[in-house]
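So, here's a batch of structures to check.
Two complexes are shown next, each including chain A; its partner changes from chain B in the first to chain C in the second.
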Partner chain A sequence: MRNRFGNLLWTRINTGILPYLLILAHIGLGSALVYSAPRSNLAFLVLISSLFSLYILEADRRFKLIVGAVLALLIIPVIGVRNIFYLEVIFQISVFAALALGLNIVVGFAGLLDLGYVAFYAVGAYLWAFFGSQQYFVLPFAPGTQPSDLPFLLPGDAFYLFLFLAIIVAAITGILLGSPVLRLRGDYLAIVTLGFGEVIRVLANNLDKPLNITNGPQGITPIQRPTMPDWAVDGFNSLFGPVIGHRVGPADMYNVLFYVLALAVILIIILVTRHLDDSKIGRAWTAIREDETAAIAMGIPLVRMKLAAFAVGASFAGVMGVLLAASRTFISPESFSFMQSIGVLAMVILGGSGSIAGVILGAAVVTLLNLQVLQGVSLYLSELRQSDAVIPLINFAWKDLSNQLDPAKYQRLLFGLILILMMIFRPAGLIPARRRMRTLAAEPPEAE
Partner chain B sequence: MPPFAAVNIRELIRPIGQLLLFSLGSASVLSALVLVLALILDQTAVGLHLHDRYNVSLATYTLVNLPQVVIDGLTIGFVYAAIALGYTMVYGVLEFINFAHSEIFAVGAFVGVELLIALDHTGLLRSASLGMAYAYLTLALLMGMAAAGALAVTVERVAYRPLLGAARLVPLISAIGVSFLLQDVIRLVEGLTTGQFNRIMPTFGNFDRRIMLGRLALGDTTVPLGISVKSIIVITAAVLMLAGLNYLVNATRMGKAIRAVAQDRATASLMGINVNRIISLTFLIGGLLGGAAGVLYALKFTRIDPFVGFFPGLKAFTAAVLGGIGNLTGALLGGIVLGMLETFAGSFLGVFTMGAAGSEYKDIFAFSILILVLVFRPQGLMGRHVGQKA
Partner chain C sequence: MTLLETIDLVKSFGGLTAVNKVNFQVEPGRIVSIIGPNGAGKTTLFNTLTGIYRPDQGDIRFNGRSLAGLRPDRIAARGIARTFQNIRLFGGMTVIENILIGMHVHLSQSPLEALLRLPGFRREEREAEQRAMALMRTVGLVGVGNELAANLPYGAQRRLEIARALAAEPLLLLLDEPAAGMNPQETEEMTRLFRTIRDERGVTILLIEHDMRVVMNISERICVMDYGEKIAEGTPAEIRADARVIEAYLGRGAVAGQHEERWR
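Showing the complex of A and B:
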């Protein structure tokens, strides 16, 4: 689509040491901005977008890896600890990126529209929430009536074990939910998965009797975290203390820990996804997505391959669920609503289904829009409301603006707009997958 | 063709007969099923538990409660049927699940309720005579229908038509987007104009009166059996709409065009049918029915919020699939059966499981039925087998 001038400019930018300089300058600028103005959202956006320029500019692979590692493991934690909100935002981006990558396997690779994807996320979260809290001993009590001195079932460090257990449990859930319905046609499958997602949520809401497994709508708390060794806190302080300017306590260190864990999980997921994409299974998924009938004719075991997609996608969500439960120390059914499923779908569609970089970009953009832009507008509006300002022409005082107008709560509007606009104008996403998918592209007119 | 085609009496009577048959049939089948279950469970802990509480056997308890459950089930079943027709019409013509239909239903409900609230503020409703009360309700119904119909046509024009040639999942994803967008648009409009999202249907006329049909003895107490006026209105309005739609589709020229487009879009176009107009018309009809169902739903359940469409929409879709999607008669059957099943589950699940699982699971119940139908009989109860059209 780029015109000739654009092409020329693009080549010019990508020759010699220019891309290297640009990347470093972008990162330097972002870090400097955030360092000097820790509360500025704009500065944060400049820094976070440097990852994007690191991705699209053409530079040596090793250089990119090293710079990326420095950015992710040094700069972001240090800057994040100075303003813990940023670390929270980045953690959320990572969580959603992992979820989006998982859904990408199901929707983008295998072409199965799963509208109940957060069910698997919920399975992971409730798995650790049950075993990593006092819930086992709460079983005979109705919500709110348990004594306060109950012991924990497992030590907090069992968390690491459960990261792996969640992979298996979520994958099995995926297979169990998938096996009866995967023979269905695409649009029916979508509705049925939606149903499954709701079933899991309703179960989480109501399984507080006869045995109190999920503690109902109140949710489970406190959920244990892995222990934070003193040497980690001290080490971090002695290394970065001078730059940060204040002593970092264990609470902030937990944020760093979960951020690093999420990053590690994403890296593993990216590696797995890449390998799958180029493997026999990945090609089988593509074949199924392009034309099911032809795929069967070619001898592809349809149901088994679809189940594999469901299981892999589910396992990613399961791991992130455990991570979420531990990092929040609290979970309730509300976090696993249909809206979350659609949010993740919007990320995949926005970024480009089937494309790893695209999906991560989609997760970042949607999360940032949610947490920064919408909330920013909300804050701005509430400031306006308290001021005496008046809209000039129509003579409308901001004071009179309804309190109900809180843009931060209009995520559905955002998700809806993304889905509609992307489908109409750019169905392949912002960064289309290399193997352009036909499922989401216009089909050539055919005689039926 | 003569200028005035004779009214096809058969097509007018047939759907009413079918509705009667479906209602009676599903009511008796389900009642028999529940009674058998009750008789089996009577001698177990379940029966003894109940006996301790009410001093009656489980079978008696079930039998006494049955008539009221059937009436309630029918009422909600007809609402589902009216919404399900919207899904099934669109699916029949485009093979596309109009996911936003639930929000079109919600918009209809909101427009109707807002109109009545506005009338209530002027004091007109309170002083209205019975006849005027019905006139206002009819007005609300018509306004809800008009708004929902216009919205449905607009949505089709803006969000679906550009995707007409695309792969199956593309318009579906767009429809999900429309559904989410509309939920928040309702919220936004309501928030800015009225400052609250939950709207209550004003009480007027005699709609809340219950017509008592008698009392049934249950141990030491009696169970009242009655039907509220609004349930009668819901059922009557739904029957009229369903019969009207059936006539439109099966006995008019326009209906013939719709059926032709549903059968084969390309050939229909060659026969001189304006396919795009028929598609718009289909959405219009679906929207009109959905809007009316929305107002009726608000009348029956009083409280509405911007997400009010989600569950009825999903259940109506289930009903459409249950009956065989694309099949009008099937949608009626599916709606009635689903409404009955759900009410039966809501009323008896708690008793039969000794309170371990009660009516909070009735939403899941609908999904379970959807999954079971799709797995074991994807063409639905009345549908023909449809091949895989990629």
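Showing the complex of A and C:
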């Protein structure tokens, strides 16, 4: 849909070494800005958006991979430990990107509107919350009455095992929740999945009696983290010490660890999604989305394929649930509300339903908007309010500005607006999904 | 031995009996047409044969086994492929992908093979792609493999639907008004294509068609339906002369001279 001038500009930008220079310049600028101003939101946005230009500009694949690896494994950890908040933001982006990728399989590929997706996230989170805390020994006690010297059920390193277990448990939950509802279509499916999502949350809220499994609304804490070996801390310090400027303690190293884990999970999820999409299964999902009747007439078992989509999508959320529980060391039913499901759905739609790069971008945009942009503007406004500044021309004193005008409070309103505008101007999302173009061999000589 | 046989097949919707005790047979390797006025129950019969509707009474026997009550995907796997009256392609997928969907039941790749991109998976995908290209040539689609199906012109969409159905390597191909909306030349090409499919692939063809030039030209047997019932069956020559058929189409009292023109 780009116009002619845009097209021309785009080809100009992508000729010769220009894209390489642009990518490096963007990353360099971002790194320098963040390094010199570790508290600036704007600087961070410049750096994080360099990932986008790395993706979109046309450069050699190997170059992109190497630069991406340097950015992800060197620059971001170093900059992250100078300001832990950045690592936290990136971790949240990764978590939501994984959720969005999972929901993308269900909604984007198979076309099944699931409004209760966060249930699978909750299943993963509570799985590790139960086994990775003292909760097993709290079972007979009502919330708040347990003795304080209870042991932990499993060692913290069992976390890694539970990353894999969560895949299986969440997938089974997906199949269990999916099998009764997948005979429904469209709106009916959406409403029933919404209901199931709420059921899981309400269960988490109320399963504190007769046996105290979830500790009710108070949530479970402390949840163990995997052990942080000394060599990792020392190694990181000796590698990056000079650039960082201070010694990094184990607490901050946990942020780096969870960031790296989330990154690894995302990479695996992307690979799984791409490989499934471009196989018999992925084609069957898309066919179901396009036309169920024609799909089944072509021999595609509808229910089995839909269940597969539910299971795969659920497993992504399950893994991220375990990661969330361990990184927060605390979870409660509040984290798995209906609004979370809607938020993830908004990421998928905003980014581009069915498009891997799109939904990751969607997750990044929404998370950054939430954590950085809106809060940044709110902060700026409150600073103005406390100053004696006056808007020129209309002679309006900033300190008279109402406290109600706090952008962070208007988050949902802004989301709604963005989604409406997207539906009008770019209904296929920021990066629309495209079918893979095959290199079809030129007509081979007629077979005899 | 018959390939397809319906025995007292009944399908009704509320008070309307769309298919009423229909008995008919299709011999393997034949091209058979079903004709009848609008609303005669032809498409309902197709939908019942392919499992989209469950028969209320009676039985469908295909290749020696009963199909009644099977899910549509199981029936497709037994060897019945179809096209639809109002084209139902996967519009958002490419032409090649549409044909690959047709091969779904014949691809043996497991999810694990797909995830790990094992050599067996790559080989199967490559071979499937080549077969899809060959099918495109068979139905006369050239150089549009990467186009989205929705962007094809109408005639090409009809051809793609046939290619997708053939990709399932069916024993029996059901075509629902394949020549609808085509000009005489396209219709001519289609008729030739059906013959080729039957002669070269040995696929039995059962078609619903309103265009009498196609029906009389290609069919070896014709089955006539009206108000859900089979009112006649026979060779084209027999059907042309059948009084009940003429009545169904032209109304009671039609004179002999009038129908001659219509059937030409």
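One rule holds for everything that comes next: the second predicted complex is superposed on the first by the 401 of 448 C-alpha atoms of A that agree within 3 Å, B and C clash if a C-alpha of one lies under 4 Å from a C-alpha of the other, contacts with A are read in each partner's own complex, and residues count from 1 in each chain.
Definition applied: a residue touches a chain if its C-beta (ideal position, glycine included) is under 8 Å from a C-beta of that chain, and two chains touch if they have at least 3 such contacts.
This structure is a prediction, so every number in the text was calculated from the model and none was measured.
Participant: I'd like to know which partner A:Leu302 touches here: chain B for first, chain C for second, both or neither.
Facilitator: After superposition on chain A, A:Leu302 lies in contact with chain C alone.
Participant: Looking only at contacts as defined up top, I'd like to know whether chain B or chain C touches more of chain A.
Facilitator: Between chain B and chain C, B touches the greater number of residues in chain A.
Participant: Which of the two partners, first being chain B and second being chain C, lies in contact with A:Ser279: first, second, both, or neither?
Facilitator: second
Participant: Kindly classify A:Asp291 by the partners it touches after superposition: chain B alone (first), chain C alone (second), both, or neither?
Facilitator: Both partners.
Participant: Given the touch rule stated above, what does A:Arg39 touch, chain B (first), chain C (second), both, or neither?
Facilitator: neither
Participant: Considering each complex separately, which residues of chain A are in contact with chain B in the first and with chain C in the second?
Facilitator: 291, 293, 438, 440-441, 443, 447
Participant: Touching chain A in the complex: which residues of chain C?
Facilitator: 50, 52, 71-73, 76-77, 81-82, 84, 88-94, 96-97, 100-102, 104-105, 107, 109, 111, 114-117, 121, 125, 129-130, 133-134, 137, 142, 145-146, 148, 164, 168
Participant: Enumerate the contact residues on chain A facing chain B in the complex.
Facilitator: So the residues of chain A in touch with chain B come to 111, 113, 115, 180-181, 183-188, 190-192, 194-196, 198-199, 202-203, 205-206, 209-210, 291-293, 338-339, 342, 345, 349, 402-405, 410, 412-413, 415-420, 423-424, 427, 438-443, 445, 447-448.
Participant: Help me check something: in the complex, which residues belonging to chain B touch chain A?
Facilitator: Its residues touching chain A are 96-97, 159, 162-163, 165-174, 176-185, 187-188, 190-192, 195-197, 264, 266, 310, 314, 317, 321, 355-357, 360-361, 363-364, 367-368, 370-371, 374-375, 378, 388-390.
Participant: Please output the residues of chain A touching chain C within their complex, sorted ascending.
Facilitator: On the chain A side, the touching residues are 272, 275-276, 279-281, 283-284, 286-287, 289-291, 293-302, 308, 435-438, 440-441, 443-444, 446-447.
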